[in-house]
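Two complexes follow with chain A in common, the first pairing it with chain B and the second with chain C.
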Partner chain A sequence: MGVSYQAIGWNRQKKQYDWLIFGFCCIYLSTFILVTAIFNPEYTFETVLIRSTSTLALLILHVILCIGPLSRINRKFLSLLYNRRHLGVTMFVLAATHGIFSIIHFHALSNVNPLVSLFTSNVNYNSAGGFPFQALGFFALVIFFLMAITSHDFWLHNLSPKTWKTLHMFVYGAYFLVLMHVMLGAIQYERHPAFVLLIALGAAAVLTLHLVAGTREVKKDNSLFDPAVNGFVSVCDVNEIEDNRAKIFCVNSERIAVYRFGDTLYAIHNVCKHQGGPLGEGKIIDGCITCPWHGYQYLPNNGQSPPPFKERVSTYDVRIEGNRVWLNPSPFPEGSERPGTVISQPSN
Partner chain B sequence: MNNEFYIGWMPKAPQGFARHVKRVLLTILPVVLLTGAMLAWLQKRFSTASFEFGKLTEVTGVYFKDPVPMLRVNAGNDIWGNTSYISIPLVGYGKHGANGIIREIEIEHKTSLDHKQVILKGTLLYTDGRTIMQVSSNEIASVKIVPGRTAETATVQKDLGFRKVKGEIIDPKCYFGVMKPGEGKVHRDCAIRCILGGIPPMMHVWNDKGESNYYILVSSTGIDINKAVQDYVAEPVELEARLVQYGDWTLMYVADMKNIRPISSLQLFRPASTIIACGTGCTQ
Partner chain C sequence: MTSGLRKKHARVWTVLLFLVPAGIVTGWLAIPANPITEPAAVDKTAALPEILYSLQKKNYTVNLRSDNKRSSLQLEWISKSGLSSPSALIYLASGPSASVTSNSLIGRIEGKGTFYFPLKNDLSTIPGFILYDIIHHQVIDRVNF
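Let's look at the complex of A and B:
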């Protein structure tokens, strides 16, 4: 293989991505501050800082939550997914600026510790309109903090991908907390209906995209196969699989990717060891199945990442009879060598 | 099938992907601009209250500890030739009332300030024709106390009877200009903090002409009013209490916390509701 295994630095794409994030943040913040200064000249610096950072963080949070389902619906969004964690860290930095500044602004220089004040000043925990909304923001910020500090792949390996993924699923909980933080906070103060409308629009977009992407996958997963013969199910025609590409089949609730590499078919588990990306939507590059999400690679014949990497996925047996591809859904242990099956006649 | 394949660790994205990203970015840009501008534009207008941050003013007046720490300042003669006064309630630094700083001054100068003529330096805050002053420990040394001269005249008081008013309990320090907004839900925790820190709570009332008035809340039973109002701060309330005109301010003697009742904010904004408040005029 012609790939050398250096640690991935900040390559050109990453740099572009980061500059774009930075540029967009600057544009947003300066627009917000300028418009406030022009139309609301009695503003104070503290308030404009608190509000510009919070609203930008929420805007970025929406982008983060939408990129996932968008890239399932249209693969071209994958290029935004790849460095999504940079967006996440940026969002955290903005939310932390907002949160910490709010704590100082509203709670410091008082007769108790600011963090104590955060939970004991307003104690109307049993009222909706009076609810201490700042506490909700605090817990959301704690979640974002945990996600931001574990965003590096180092933590992914240390925590195991499963724990990591679970931790990062909390982003939905945090999103909900932030929505309530805003609904029970700023929305109780600002009377213009546009604020509620915007929040509703954002939530509706996130929800709809997830539903659309989800139902598509469920539909794919529920496609039925004829009963197995000697453990093998007939899945598709040989011609349906392009060279260096795969088709994904969900048999007995397991997603399996059947790849064609030259004149041989191989089958491996569809779930990438990195963050669960769909390996069957990847491509064979330099002889390796390459995950579409972040480019982890696996050898088609044994599901192992080429050394020095250690990731392994399960492999499966495939057979060809006539023009039909038959797949055995019982997995071999992760990293097991399987010979695959050779397409004997030219298939076209 | 489009055979382009995107891998993030490659230095360049395939053309199709790059084009798509460009389109997405060009869509996001106006969205970002519009959202930022709209949110900023639609914010409630900030008040014109003013906190003279960093500017010290020297004020000469008679200090009264009760009903709340304030300085009564001679404002010259009115049109009938009577001496008129304005009273400037005092607050401390940060989210603290004036009691702490006054005690420090008294210890430093080894005398009580109550009813004495003093010269105090502090930072002024004002809104709607009312002024309060922040005194901080940096100014202790510059305090001058005229020995022995107590106030010649007591502050004029007039019982205005029991009244029911609708409005919002505020901490005057923030409302008078330290924070914007210094009221309402977003500022609630801070207002509670200030009031628990000893800043005298005030009832802010206003009418549909936009005129505002501020009543200083005091307890008529000796309970700690600052602590007692904690749950009612920064939200619409109706409050029934005896109003007493006290110089140029109005005091509200709260007898029982049962007389404070949260109300819906709609009740504050309904145009035809009973007079929520009168401007300064009706307390005469």
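Let's look at the complex of A and C:
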């Protein structure tokens, strides 16, 4: 965790983002309601509420899914990543409003329990066109609910980052459920081709971004190094690493960040203990390697978070010969003190 | 991300790369071929002058209208309160227990209000109607004059 987490002012930025999200939601919902009131005055308020919240939730879901790959492709989007969690909770609140109002509106007027009615009022489970699409929305909502209530860091620590991340990967399944909820539901009777086109464009954007970001990562990880000499692999020239920054090398399928701090190079494991953020894409702030995702900090010489925090990452040995940087990919136990290596003739 | 998590992401997105387009295409192909439920089927032109038949129900009034030459026929549907099913479709019924078919779809009504639908001008039999709940795939009511 970072001591200067508060001080670097990211929390002010976070508040601004929250206001931005809130403002955007208000504008979207009121525009939707106003336009419907003008063009379709016969619609009831519940219908408008159901449709405005659902379409906004769908829009935000697309944004959420694009932030990850976008921030891999361009660092400018990292600030969005920092605030993705609040966007997720907002999306859940909107989707829940839509879901709850749908259940009340479509199922509460009969004498059957609304939740039973949701699953039994239409049992055409073997047809595409008449498929009980609401069940799909329901399961997506359950996933969003679990993600929203576990979104706090308290749960991250309690469930362990691995379980937490796995749970949060269910968002991809939920995305598919929502997509089918709309394709087999509203699209079947709002037949305007523009709706199908919008859904298809959204899906194309999400898929393409993930594909591009993914292939880039694979390419990075597959860069080849000459065979190790005495356990050390030649990775780059000294002057390729800027001061207070790092370069990431994937050796034996594990990523290692080689940081330059003043005239010394240090190597630590690239994976942040918080949520697996890429430490090598952060920078050194106040003498600490600072994770670009949420600001956890680690000392370059031992991979330990400064007290009172207790996170530790593995450290590695690094060496300079001539102008070349050599890295030993065997990790030292997490938090091990390593001296780093001094750049004898500063190269810039 | 750890290498394990990267692999998981790669696997999930490889699956989605096929599943998502397949899902969209399936949904698209499943859209019924006949023009159904265009809210635009609400004919916003004024009501035809004569009421041939009229039926009062608890929540709505249904009128069959025509002009004085009997050259065109129109269904007027006045919903007094919101229906228990907000998106209901109206189908033409060929008999008292006819079922719905996509050829017989007339239009959709939403909530409160008055809706007009042009009908094919054939008064050889008095048309009946089925009010159908698209969400639950259930007949809500039948209208026989």
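One rule holds in what follows: the second predicted complex is superposed on the first by the 335 of 348 C-alpha atoms of A that agree within 3 Å, B and C clash if a C-alpha of one lies under 4 Å from a C-alpha of the other, contacts with A are read in each partner's own complex, and residues count from 1 in each chain.
Everything below uses one rule, namely that a residue touches a chain if its C-beta (ideal position, glycine included) is under 8 Å from a C-beta of that chain, and two chains touch if they have at least 3 such contacts.
On a predicted model such as this, the values are computed, not experimentally measured, just so you know.
Peer 1: If chain A is used to align the two complexes, do chain B and chain C fit next to each other or clash?
Peer 2: With chain A as the common anchor, chain B and chain C collide in the superposed model.
Peer 1: What is the contact status of A:211 with respect to chain B (first) and chain C (second): first, second, both, or neither?
Peer 2: second
Peer 1: Which partner chains sit in contact with A:319 here, chain B, chain C, both or neither? Use first/second/both/neither.
Peer 2: Neither chain B nor chain C is touched by A:319.
Peer 1: Considering only touches as defined above, state whether A:47 meets chain B (first), chain C (second), both or neither.
Peer 2: both
Peer 1: Going by the contact rule set out at the top, does A:242 touch chain B (first), chain C (second), both, or neither?
Peer 2: Only chain B is touched by A:242; chain C is not.
Peer 1: Just to be sure I read the superposition right, which of the two partners does A:76 touch: chain B = first, chain C = second, or both, or neither?
Peer 2: In the superposition, A:76 contacts chain B only.
Peer 1: Between chain B (first) and chain C (second), which, if any, makes contact with A:253: first, second, both or neither?
Peer 2: The answer is second: A:253 touches chain C but not chain B.
Peer 1: Which partner does A:157 reach: the first (chain B), the second (chain C), both, or neither?
Peer 2: neither
Peer 1: Output check: A:86 vs chain B and chain C. Expected answer is one of first, second, both, neither. What do you get?
Peer 2: In the superposed model, A:86 contacts neither chain B nor chain C.
Peer 1: Contacts for A:12 in the overlay, against chain B (first) and chain C (second): which applies, first, second, both or neither?
Peer 2: It touches chain B, and chain C stays clear.
Peer 1: Mind telling me which of the two, chain B or chain C, contacts the most residues of chain A?
Peer 2: On the superposition, B touches more of the residues of chain A.
Peer 1: List the residues of chain A that touch chain B in one complex and chain C in the other.
Peer 2: Common interface on chain A, chain B vs chain C: 40, 42-44, 46-47, 105-106, 109-110, 121-122, 124, 129-130, 134, 184, 188-191.
Peer 1: In their shared complex, at which residues does chain B touch chain A?
Peer 2: 1, 5-13, 16-18, 20-21, 24-25, 28-29, 32-33, 35-48, 93-96, 179-181, 184-190, 192-194, 196-198, 230-231, 235, 262
Peer 1: Which stretch or stretches of chain A touch chain B in the complex?
Peer 2: 8, 11-14, 20, 24, 27-29, 31-36, 39-40, 42-44, 46-47, 51-52, 55-56, 59, 63, 75-80, 82-83, 105-112, 117-118, 121-124, 129-130, 132-134, 184-186, 188-192, 194-195, 198, 242, 245, 282-283, 285, 290, 292, 294-295
Peer 1: Give the list of chain C residues in touch with chain A in this complex.
Peer 2: Listed in rising order, the residues of chain C that touch chain A are 1-3, 5-6, 8-10, 12-13, 16-17, 19-21, 23-24, 26-32, 35-39, 82, 84-87, 89, 108, 110-113, 115, 134-138.
Peer 1: Can you list the chain A residues touching chain C in their complex?
Peer 2: 40-44, 46-47, 105-106, 109-110, 121-122, 124, 127-131, 134, 165-166, 169, 172, 175-176, 179-180, 182-184, 187-191, 196, 199-200, 203, 206-207, 210-211, 214, 217-218, 221, 253-255, 271, 276, 278
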